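One chain, chain A, appears in both complexes that follow, with chain B as partner in the first and chain C in the second.
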Partner chain A sequence: MTSYLIRRLFQMIIVILVSAAASYALLNLAPGGPLTGLRQMQQNSRFRITEEDFARIRAYFELDLYLPVRFSRWLIGFPSGPVKIFGQELFANVPVGCYKEIQATFQDAKGNFSVRTIGCKEYVYLKDLEGRRVSKGVLRGDFGNSWRLNRDRPVVDLLVSRIPNTVKLMGISTLLALVIGLPLGVYSAVKQYSRFDYIFTSLAFMGSAMPTFFFGILSIMIFSIVPNRLGWFYLPAGSATAVRDYTIPLLGTVKAGSGLDQGLHLVLPVFVLTIVSIAGWSRFIRGSMLEVLRQDYVRTARAKGLVERVVIMKHALRNGLIPFVTIVVFTLPGLIGGAIITETIFSWPGMGRLYFLALGDSDYPTAMAILFLTAVLTVIATLLRDILYTIVDPRIRFS
Partner chain B sequence: MATKAATVSSESMRTVKEETPFAIVMRRFRKHHLAMVSLGVMIFIFVISVFAQQIAPFEPDEVDVNARFVAPGTTVDGKLHLLGTDNIGRDYFSRLLYAGRISLTVAVLSVLVSELIGIIVGSIAGFYGGWIDSVLMRFVEFLLTIPSLPLLLIVSSMLIRNPDLIPIPDAVLNVLGKVMLLRPSDARQAVLIVIVLAGLGWLTAAQLMRGMILTLREQTFVEAARSLGASNARIIFVHMIPNALAPIIVDASLALAGYIVAEASLSFLGFGIQDPIPTWGNMLSATQTYMYDRPWLPLIPGLPIFLCSLAFNYIGDGLRDALDPRLKQ
Partner chain C sequence: MKQKSMLVLALVVIASLVLAACQPQTIVKTVEVTKEVKVVETQVVEKTQVVEVERKAFTTPHPILSDLKVRQAMYHCTNKLDLVKAGYPLISDEDAAKLIMDTFIPKNHWAYAGEGAVQQYPFDPEKGKALLEEAGWKLPEGANVRQKDDGTVLALKFYTTTAAFRQAWAAVWEKQMAACGIQILRNHVPASWWFGDTTGLQVRDFEIGAFAWVGQADPGGQTLWACDQIPLPENNWQGQNYMGWCNPKADEAIKKANNTLIKEERIKWYKVVQEEYAKDVPAIPLFNRTETFSAVSTLQGFAPTPGEEYYTYNVYDWEIPGKDTIVIGFTQEPASLFTLVESAMVANLAAGLMGFRSYTSLNYDFQPETMKQLSTIENGLAQNNDVEVKEGDMVLDASGNPVKLEKGVKVINSEGQEVEFDGTPVKMKQLVVKYEFRDDLKWQDGSPVTQADFELGYKIACDRESGATTFITCDKTQAIEFNGLSYTVTWLPGVQDPLYFLAPYGFYPSNQPIESEGPYKGKTLKDVPAKDWATLPEVAEKRWSYGPYVIKEWVKGEKMVFEANPNYYRPVKTKNLVIAFLTPENAEAQLLTGAVDLLGSETLAGLTEQLVNAEKEGKVKNYVIAGATWEHIDFNLWVK
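Let's turn to the complex of A and B:
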C-alpha cells in the first residue's frame, strides 16, 4: 500500500509537470498577448513608441526570455540571477533570452508578407535577471501577476475572489444532483418498462441531448424575463448579487447583497447545472443497476426469500454504484474548473467565467493558473478513484 | 454478428425468403419509432442544407441597415424576411440555412476524421499489444480524464489567432469551401475547428476499437487467416475492422450529436467559427444580448442545435438496438 502510494505520487508529479509544460508552451506559442497593437503603435508616429520602449514592455512581461527559462521561473522562481555557489557566481554570461530581436519582412511565393525574427541584437544574460521581479513560483503558491483582467495584481487575488463562488455553485448543484438523481436512476431501473421508467428515461434522454447554453437561455427566459414582464414572481439572472435593491412580487423588496439576494441569484444557475447532471447521471445509474439486477446473485437473494427492498438496497445497489464512483470523483476538477458555459451565461463570477475571460483577453498567467489547478485536481481525482475502487470493491487490488 | 443472425434465421425457417444483413438491421431499426422520426428530421435538415443556396431568399452576409431587428414575417421592399433580421439587418432565415450547412459539415467531417484516427490507433494498440498498447492507451486515458472544454477552448483560441499555424492544402480548402459555400480563406476556419474537435475526439473510438480487436484477435477466423499467410495489415483491414464496425457506427452517430453541440458551444463562447460566417452557435451568441426584447433571436438558432443533437442521439440509440441487440438495456 505505502509503496503503491509513493509510486503513484511520483507518477502524479510527472503528469502534472508534463501537462503544465504542455499548456504553458501552447499558450505561449500564440501570437497576441499584451504586445498586440504595440507594433502598429510603433509604426504610428503619433505614439512615438521607440524600439527601446517596445523592448522594455516586452521584458516587463518576461516575453524576452526563452520559453524553458520562462517556464522554470513561473514554476519555481528560478533562475533569478547567476547561480551562486560558495560565493562564486556561475553562468553569469549565459544568454537566457533576447532583449531586442532583429526582424525582417519576407514575401512568400503567393505574395503574402510575413514578419519573422531572424536574429538577436541584444541578448539577456543570466546576470541581467538579478533584480528583476520574479514570482516565487507556482509550487509555492505564487501564480505571478495578471496581465489584463486584474492588471499587475497577483493572480492569486483573482482566484481567491472567484473560488468561493464556484465552489458554492458546483457544490450545491453536485449535491442536489446526487440526492435527486441517484434515487431516480435506481427507481427507474427497478421499475424497468413501467410508465415512470418510460417518461423518466425520455426526459433524461432529452436533458442530456440539450446543449447547456440553450437550456440556460431558455430558463432565463422562462423563469426570469417572462414572469418579470407579467409582474409575477421571477428569479433574478446574471451575476452573483444585484447592484441595487429590487422588488419581487410575493417577496417584496430585496436588499442588494443580502443573503436573500445571493440565494435568489444562485437558484437559476444551480437549477441548470443540476438538471444537466441529473439527466446524465441517472441514465448512467439506471444502466449499471440494470446490469447488476440481471446477475445471478441477485436472483439467489430473491430466491432466498429476501424482501425486494433488501435485495435492492443491500445486494444490488452496492455493486451497481461502483462504476458511478468514477463519475462522482471527477466532479472534483469541476469544482475549480467550474462550469464554463453556465457561468458565462449567468455572468457568474466564478472560475469558469474567469478562465473564459482570461483566454479571450490573452491574460495567460490567469489562464495558466486555472489550467494548473485543474490538472492537479484531475490527478488527485484519479488517485482518489483508484483508492475508492479498492474500498467499495474488495476484488480490486492495488497493483 | 449480423451475418451470424442471418444464417440462423435462414436455416431455421427455410420457407422464409433469405434476408441480407442490411435488411435485418433495417428491420430492427424500423422498430425504434423515435429513431425513425429522428432519421426523417435529419434527412429533412440535410436536404434543406444541401439546397440552402436555392432556398435562401438573401445572401447570408447581405446587410440592410434600414431593416435591423425586423420581426419575423415582415416584408421589406417587397421581399419577405421569414424569420426577421438580426442586429445588423441580415436576413435571419437565410443565415440559418447557410449556418446549418456549415455546422453540419463541420460535425460530419469531425466524426469521419476522429473515427478514422480512433480506428487506426485502437487497432494498432489492440493488435500489437505489449508496450505499444500500454503507451497508447495510457495516453488516451490521460487525455480522457482532463476536462475537455478547457482543453478545447485553449487549443481553438490558439488556432483562431494563429490560423496559419497548421498548413492546410489549398485543394482541401477549395473543395470544402464549395461544400460549405464559403470562400477558401473562410473555409480554413471551419477546417481548424474540425482539427480541434477531431484532435480531441478520437479517444473513445480508439478505446472501443481496441476492445473489439482484443476479442476478435482470439477468434478462429483470424487464426485461419494467419495460417493462410495473410499479412498483419491484411488481417487488420480485411478481417478485423469490418467485424468491429458495429459499435463504431453507433459511436459515430452519438459523436455526431456531441460534435454539433461542441461546435456550437465553441462558437457560442466566441472561440469557434467567427462572424460573419454564420453557424448556429455564433448566431445564438451574437443575439443573446437581445433576448430581453426579442426572445426569438437566440431561440431560433438554438432550436436546430437541440433538434440535431436529440435526433442523432435517438438514431444512435436505434442503431445500437439494431446492430447489437445484446447491448440493449
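Let's turn to the complex of A and C:
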C-alpha cells in the first residue's frame, strides 16, 4: 500500500508539471494577450505610444522573455539574475529574451499583408533580470501578481475572495444532489416501469435537457422578479450577499450579511445546480442499478430468502455504485473550479466566473493559477477514485 | 502500469515539443521569406520596421468606390432613421432623430459646423439611382443588381464586428442598398480581427467598413483626416485614416485646427474640414450611439450629460429620500484605484468618487472642478511667447515628438509654418501656463493639500518605473515650478496643445501613513519609490480621498463600500454609497428587485422591454442620452 502510494505520488507530480507546462504554453501561444490594441488605443487621443513605451510595457508583463524562461520564473521563481556560485556570476551574458523585436510586413501572392517578427534589435540578458519583480514561484505557493483583474496585486487575493463562495455553492448543491438523486435513482430502478418510474424518468430527462442558463433565468423570473412586483415573498435575484438591509414580505427586514441573508441568496443558484445534477446522476444510478439487479448473484440472494431491503442495499447497491464513484469523485475539481454559467446568471462571485474573466482579460497569472489548482485537484480525485474502488469493490486490490 | 508510464512519457515529449516551438526565432531563413514574397523594395522605417512589398500598396484607386457619384448615391440611398431604429428598437422617433449625425462632430458640440452648413444627402433613393445611372451602373432587365456595360457587378464587401447591435442595423442597410441595386456582401467578423494590431482595419483589409469613433471635448481628428495619417506598409501602418482620404484643403485645415489655441480659429478650421468631408463622402456618418442609464424612480440629482463620460461627476448631489445608502451596480470590477496605470472606465468612475479630476466636460465643453479656473490665454493665466531656439535645445517637432533640435528636424515656427532647421536659430511658440487649484482642498483626515502633495504628483507621474503607459506629457514639459496650491509649467517650444488650459498633473497625499505589511510599513507615501506604488494597497485599494466619498471596504468580487467625506469642499447628500459587482446577465434583475439603485451605461447595452415596462409602472426611470460614440460607414478608396 505505502509503496503504491509513493509511486502514485511521484506520477502525480509529473502529470501536474506536464499539464502546467502545456497549459502555460497554450495560453501564451493563443492569439491576443495583454498588449492587444495597445498601439491603437492611444492613437486618436492626445498621446502617441512610442516604440520605447511599447517595449517597456511589454517587459512589464515579461513578454520580452522567452517562453521557457518565463515559465520557469512562474514555476520556481528562477532565474532572477545571473547564477551566483561562490561569489562568481555565471551566465550573466546569456540572452533570455528580446526587449525590442524587429518586425516586418510581408505581402503574399494574393496581396494580403502580414506583420511578423523577423529578429531582435535589443536582447535581454540574464544580468538584466536582476532587480526585476519576480514571484517566488507557484511550487513555493506564490501565484504572483495579477495582470489585469487585480492589477499588480496578488492573484492569491482573488482566489481567497472566490474560493469560500464557490465551495459553499458547489458543496451544498453536490451534497443535496447526492442525498436526493441517489435514493431517487435506486427507487426508480427497483420499481421499473411503475408510474413513479415513468414520471421520474420524464422529469429527469427534462432536467438534463434544459440548458442551465435558461433554467436560471426562468427561476429568477418566477421566484424573484414576478413575486417582487406583486408584493409577495420573493428570493434575492443574485449575488452572494446583499449590500444593504432589505425587506421581504413574511420575513420582515433581513440584515445584510447575516446568516439568513446568505441563506436566501444561496437558494436559487443551489436549486438550479442541484436540479441539473439530480437529473443526470439519478438517471445514471437507475441505469447502473437496473443492470446489477439482473445479475445472477442478486437472484441468488433473493433465492436465499433474504429480505428485499437487504438484497437491494447490500448486494445490489454496492455493486451499482462502482461506476458512480468515478462521477462523484470528479466533482472535486468542480468544488474549486465552480460553475461558470450558474455563477454568471446569478452574479455569484465564484471561481468559474473568475476564470472566465481572467481569460477574457488576458490575465494569464490568474488563469494559470486556476488551471493549476484544477489540475492538482483532478489528479487527487483520480487517486481518491482508485482508493474508493477498493473499498466498494473488494475484488480490486492495489498493485 | 507500463501503459501509464508510456502515457506520461508521451505527454512529456509533446510538452517539450510545444515548448521548443515557442522559442522565438531570432534568425529568419531568407528562403522562407522569398517563397511567398517577391522582394523588390526594401527599406527601413522607424528603425525597427523592415518593409518588403512587391509594389507600392494602395496606389490603385478602387474601381467602384473611388467614383464620387457612387459614394454620393450610397449616401442618398441610406435611411439613417431606420438604421437607428434597427439598432434601438425601443426608442421613440423623436429620440432617434436626435441621434442622427451629418458630419464627424456631434450636433451639440462646440465645433459642429451647424445644421445645413455642410452639403446634405437626404434619404432619396431616386436621386441615388439617378447618380448610379450617370456613373454607368445600369440595372439590366429583370436583374436586382446593377452592372456596368463590361459586365462588372456593383457588389461590395462590407465588414464590421459581430456585435448584435451592428448585425441589426447592417442588415437594414444591406436592404436599403439592395433597393438601389447595390449588392452588399455583409461580413461580420470578430472584433479581435477587425480591430487587431496587424489585421482588418489597421492594414486596411476592407472595401466598406463600419465601426465607431468616440467624440471628445477636443475634436482632435488629425490622425483621422490628415494625408500623412494613411496607414501604409511604408509607415508601419501608422495613422487612422483608413479610407485613404487625402484632400489638401481638409488636410491643411485639420492641421491648423489642431495647432491653434484660439477657440474661434479652431471652429473656423473644423468647419472647413466638415465641408470637405461632406463634399468628398469618404465615409457616411450615421448616428450617435445612445447611452442608457436606469435608476430607481426615487433617485434625485442624477444627471448624465452628453460629453461627460463619468456620470458620477455630481455624485455629491444624489439622494433617495428616506434612504441613507445608494447602491450602484457595476458589471466590471475596477482592477486598481491607481488611475495612473489603470485607465478603465470603471476604475475612473470609482476613483472619481474620491476625487481625481481637475475639470468636467459637460456638453463637450470644460468646467473647472478642483482647479480655480481654466488657465486660458484669455484670462491671463497662460502666455504663448515667442522664443528663439538653437541647436541642441529640446523642442517638439512638427509631428509632435519631443526631440533635440538638430539639422534636418522639421518644426513649426512662430508664424505657424513648417520649417526645416538648418542651424540658424528659429523663433518658436512657447506656452507658459499657471495652473491654480482651490484653496479649500483637504484630504479625508482633514489635513490640507500642500505643495509637497503636488510635487509628489509630478514626481510619480513622470517616473518611468511607475508602470504608466505613456510619458509624453512629462517629455513635453520643459520646466515646472511649484508655488503653494499652484504650479507653472513651461512647455517645450512647439507644444501648442489645444487643451493647454487643463492641469496636466494631479497630487497625491505625501503624508498618507503606510500601514500594510511590507518594507514601507510605518513610513509615509512620499517614501515609497514609484516602482512599488502599483503594488501598494494604500495606493491600489485604499487611496486617500479629497472627493465626496471615502473608501471604507473593498470585498473583491462583491462590493466597494464608501462613506461621505466630511472634509469635502461641498456638502454630500447621501451618507453611504456602495458599488456592487454584478454580471451583465443578472444586473437588470437586481435593479428590478430593488437590490441596486442605478445601472450605468457601461452596464446597459440599451433599453430593454423589461426596463420600459418597469418605467411605465413607475418603478424605475430610464435615461437615454446621445453618447459620445458614433457609428459610421467608411469607404476604402484604394485597393491593396
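Note that the second predicted complex is superposed on the first by the 391 of 399 C-alpha atoms of A that agree within 3 Å, B and C clash if a C-alpha of one lies under 4 Å from a C-alpha of the other, contacts with A are read in each partner's own complex, and residues count from 1 in each chain.
Keep this in mind: contacts are C-beta pairs under 8 Å (C-beta built on N, C-alpha and C of every residue); 3 or more make two chains touch, one makes a residue touch a chain.
These numbers come from a predicted model, not from an experiment.
Chemist: Between chain B and chain C, positioned on chain A by superposition, is the outcome a clash or a fit?
Modeler: Overlaying the two structures gives a clash between chain B and chain C.
Chemist: Using the superposition on chain A described above, determine whether A:Tyr297 touches chain B (first), chain C (second), both, or neither.
Modeler: neither
Chemist: Going by the touch definition up top, name the partner, chain B or chain C, that contacts more of chain A.
Modeler: In the superposed model, C touches more residues of chain A.
Chemist: Go through the superposed model and pick first if A:Val15 touches only chain B, second if only chain C, both, or neither.
Modeler: both
Chemist: Once the shared chain is lined up, is A:Asp157 touching chain B (first), chain C (second), both, or neither of them?
Modeler: Touch partner of A:Asp157: chain C, not chain B.
Chemist: For A:Thr344, decide between first (touching chain B), second (touching chain C), both and neither.
Modeler: both
Chemist: Just chain B (first), just chain C (second), both, or neither: which does A:Ile220 touch?
Modeler: Both partners.
Chemist: For A:Leu29, is the partner it touches chain B (first), chain C (second), both, or none of the two (neither)?
Modeler: Touch status of A:Leu29: both partners.
Chemist: Counting only touches as set out at the top, which of chain B and chain C does A:Ala367 meet: first, second, both, neither?
Modeler: first
Chemist: So, A:Tyr198: does it touch chain B (first), chain C (second), both, or neither?
Modeler: Touch status of A:Tyr198: no partner.
Chemist: Superposition on A: which chain C stretch among 8-16, 80-88, 458-466 or 620-628 collides with chain B?
Modeler: 80-88
Chemist: Which chain A residues contact chain B in one complex and chain C in the other?
Modeler: 15, 19, 26, 29, 31-32, 213, 217, 220, 225, 344-345
Chemist: Can you list the chain B residues touching chain A in their complex?
Modeler: 142, 145-147, 149-150, 153-155, 157-158, 161-162, 165, 257, 261, 264-265, 268-271, 284-285, 288, 291-292, 295, 298-299, 302, 305-306, 309-310, 313-314, 317, 329
Chemist: Going by the contact rule set out above, which residues of chain C touch chain A in the complex?
Modeler: 4-5, 8, 11-12, 14-15, 18-19, 22-28, 33, 36-37, 46-54, 57, 192, 195-198, 202-203, 205, 213-214, 218, 220, 223-224, 233, 236-237, 239-240, 325, 327, 333, 335-336, 338, 341-342, 400-401, 464, 467, 469-473, 497, 499, 531, 534-535, 537, 540-541, 555-559, 561, 576, 578, 580-583, 585-587, 589-590, 592-595, 617, 619, 640
Chemist: Could you pull out which chain A residues touch chain C in their complex?
Modeler: Counting only chain A, the residues touching chain C are 11, 14-15, 18-19, 21-22, 25-26, 28-29, 31-32, 35-40, 42-51, 53, 56-57, 60, 66-68, 71, 98, 100-109, 111-115, 117-121, 133, 145-146, 148-153, 157-158, 161-162, 165, 213, 217, 220, 224-225, 228-229, 234, 236-244, 246, 343-347, 349, 353-354.
Chemist: Spell out the part of chain A that touches chain B in their complex, as residue ranges.
Modeler: For chain A paired with chain B, touching residues are 15, 19, 23, 26-27, 29-32, 205-206, 208-214, 217-218, 220-221, 225, 286-287, 290-291, 330, 333-334, 337, 340-341, 344-345, 355-356, 359-360, 367, 370-371, 374-375, 378, 381-382.
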